[in-house]
Amino acid sequence: MITKTVRDVTVALQGIQNGMTVMVGGFGLSGIPENAIAELVRLGVKNLTCISNNAGIDDFGLGLLLQKKQINTMIASYVGENALFEQQMISGELKVTLTPQGTLAEKCRAAQMGIPAFYTPAGYGTEVAEGKETREFDGKHYVLETAYKADFALVKAWKGDEAGNLIFRGTSRNFNPLMCGAAQITVAEVEELLPVGALNPNEIHIPGIFVNRIFKGIQFEKRIEQRTVQSK
Amino acid sequence: MITKTVRDVTVALQGIQNGMTVMVGGFGLSGIPENAIAELVRLGVKNLTCISNNAGIDDFGLGLLLQKKQINTMIASYVGENALFEQQMISGELKVTLTPQGTLAEKCRAAQMGIPAFYTPAGYGTEVAEGKETREFDGKHYVLETAYKADFALVKAWKGDEAGNLIFRGTSRNFNPLMCGAAQITVAEVEELLPVGALNPNEIHIPGIFVNRIFKGIQFEKRIEQRTVQSK
Amino acid sequence: MALDKNQIAKRIAQELKSGYYVNLGIGIPTLVSNYVPEDLEVEFQSENGILGMGPFPFVGQEDPDLINAGKQTITALPGASFFDSATSFGMIRGQHIDLTVLGAMEVSEKGDIANWKIPGKLVKGMGGAMDLVASAKNIIVAMMQVNRSGESKLVSHCSLPLTGVACVKRIVTELAVFDIVKEGFLLVERAPGETIETIQNATAGTLIVPDQVPEMRFSL
Amino acid sequence: MALDKNQIAKRIAQELKSGYYVNLGIGIPTLVSNYVPEDLEVEFQSENGILGMGPFPFVGQEDPDLINAGKQTITALPGASFFDSATSFGMIRGQHIDLTVLGAMEVSEKGDIANWKIPGKLVKGMGGAMDLVASAKNIIVAMMQVNRSGESKLVSHCSLPLTGVACVKRIVTELAVFDIVKEGFLLVERAPGETIETIQNATAGTLIVPDQVPEMRFSL
């Protein structure tokens, strides 16, 4: 078995540099790679292009990188919960490319699976389709979208094994599996890192071949963005 | 919860007619929908177009439909284990479209996921690409392939619940999950049919939304094509 | 009398049929889940990766790994499943979702919808809205018919950047139910007590008024 | 002396490096798994949906739900995973597989390969071969250099229908190891005792013979 374990987040992010394109898993604050984001802040790498569905909130998630002005370009589908983001976008410090969420997901999967381009109906007839090829299939209009390219993919899983196999939990799965193998180097942080053989091969969401480095995260705050409850 | 349970295979295949296009799961004889195939033989529907990776063997799997000359057109990647198939192809009774295996898988998934077309490198420069659009992305050549359309998808899973959620086992998974929802009507036969709530939502391979009818198969012979062993 | 948001949601709930998989947008659409008749088999999808979404959790049972597309803590019903975002939008793009309910800033008489961007104001992003409107078989817009400046949101042509083209099938507002037909907005039902004139005045696009326009009925 | 099939496999096993994910075709390639040095971390993928494929099962432990792409019963090693065929070919197409070893009927001096169809004979299909050759970073062909009619399978241009274009990197036959370079087949190693002349006679395409052509070495 090919082992992917690295000692800690510092080893896991070796090679990350200014100007790189980094995919970051998670939806809102759920399933974000908290340990890797903290390390990016510590390293102070700049001019990053981040591909992530959201941009965190002011003081958590990718918001921590925005505070330090480490992100140059943000590719996301929704960035609405972040005042810092707003300031930097208005001031022109931050470039933003908004992408429909399903297109964003499929562009990651396309990179992972070696599909260079595909057609999707999302955005046809809107400014998202401007400058892109459109085409009719069976009377319906579609837009040609290409796979993302990235240097690093930073994902978070629930359980993993030393072979890099991953299992996600609940809706914290979201974009994480799709980014595995979609970049040159995929780094997975997990809550539980298990020996090879501990996971049922039938229950693995992402085979280890899509993961280059895996480590056990030392801190998972798992902050809740909208705590909604019902009374008994 | 939306329930998908039907009493038996006869109800499950209601509406299947001569001349329809039917996707059939399985790789070799592993993971084939044995009960649905037996019912197709019993019904005697003719002129079927079958989309399946293989065509069974002479006396099992899709070979049973070939015996009765029920298949008009076969779309597959490999059909090498079947003398009947050979005869019918040579005599011109059976039309055959050979498709690279990965392309076949992705064309099913494209139908399932509402992607009308995608680019793949498989078959570029070969007769598979004849008459198809080809295109260069980043200096590499690709072929445009379109999604399959089918009337029925017949799949086999290990466990399922009444909401149509499916879990496959081992390498009998293969094409089965990709055909779910890729046809107008998806029929799943399972070894174990469980009440809603019995499956862990984190371990479900195919959500019930992709399945229209589910039933517990009454017979699973699960024949082995190449019994290879080592001595202790 | 104009409906309130809950009544709009209640009216939309009448569109549900047994066997429907439903995606509800943020705002009024979310309220629809409160009015599902008990005897209907309906499942709610949230595009961040759950089918079989249940109500909010009880206090103390919130799970950060279990949220909806509005980032709210939720629960999973028996029979639920979790999946990645590509599979989730595959359900949407592949037309496996039977009904999508979402809000809008403008709807045109051709069924175009604008609900993601106001030029000159902060752009938050389209999220999953463009995928939803481009793909859904059946899209109902739930919204107030007039914006805060008193302008009708039912227009001839959208002035705001589009989210999708010729996709809306039905609109439910505080005043009425409209279907998009070839000629424009077909008035299907009036809110209880609302006059055709009030509805006409609140509709900037072409309104088609049939001879008979029944009032909405609420069983609850 | 010409190698037998096991020796060809043994020579190819020398190409394995620690960390390699490997897909082995049917025939001689399958034998490669018998010669993996113990200290190497290597995983075998079978394209029907397993990573971490192990040896054949013991008698009585055959599982119809656990086969390889040759439809043979196999086992799964600790750390293995199962997945669907789209994911499997995603691994291949996405170049996550480090080495593909497969057989061929013909290889051209441009690296074209033909291995799926003989016109006029029964066509069994390409299976996964076209995906593999179109996608793999590193393709090694394992084959006998001369066919049963005594004709060389290393040709200028393939006469058979192609499986893939300009994709083969290296060829190991009973006589030699060749790399595909711009000018043609570069002779890299000779089988023990084989002369340049024998190899030249068995090569129909352009052969490039460097000054020094070492013999293969087998440590076992």
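Note that the chains are named A, B, C and D in the order they appear, and that numbering of residues resets to 1 at the start of each chain.
Here is the rule we use: contacts are C-beta pairs under 8 Å (C-beta built on N, C-alpha and C of every residue); 3 or more make two chains touch, one makes a residue touch a chain.
None of the values given here were measured: they were computed from a predicted structure.
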Every chain in contact with both subunit A and subunit D is listed here as B
Greatest Cα-centre separation from subunit A belongs to chain D
Between B-C and B-D, more C-beta pairs in contact link B-D
Whole-angstrom distance, CA centroid of subunit C to CA centroid of subunit D, is 56
Cα centre of subunit B to Cα centre of subunit C, whole Å, reads 36
Chain centres from averaged Cα atoms put subunit A and subunit B apart, in whole Å, by 33
Dist(centroid_CA(subunit B), centroid_CA(subunit D)) in Å evaluates to 29
By the touch definition above, subunit D meets two or more other chains at residues 50, 76, 82-83, 86, 89, 92-93, 135
Flagged in subunit B as touching 2+ other chains are 106, 113-115, 120-121, 168-170, 201-202
Full set of chain pairs in contact is A-B, A-C, A-D, B-C, B-D
In the complex, subunit D touches subunit A at residues 18-21, 41-43, 45, 50-52, 76-83, 86-87, 89-97, 135
Within the complex, subunit C is touched by subunit A residues 27-31, 53, 76-81, 86, 89-90, 96, 98, 100-106, 108-109, 120-128, 141, 158, 168-178, 205, 222-232
Seen from subunit B, its contact residues with subunit A in the complex are 106, 110, 113-121, 135, 137-138, 140, 142, 146, 167-170, 201-203
Subunit A partner, complex, touching residues on subunit C are 46-50, 55-59, 61-74, 76, 82-86, 88-89, 92-93, 112, 122-131, 134-135, 161-165
Per the touch rule above, subunit B residues touching subunit C in the complex are 1-3, 111-115, 161-163, 165, 181, 196-197, 201-202, 204, 207-210
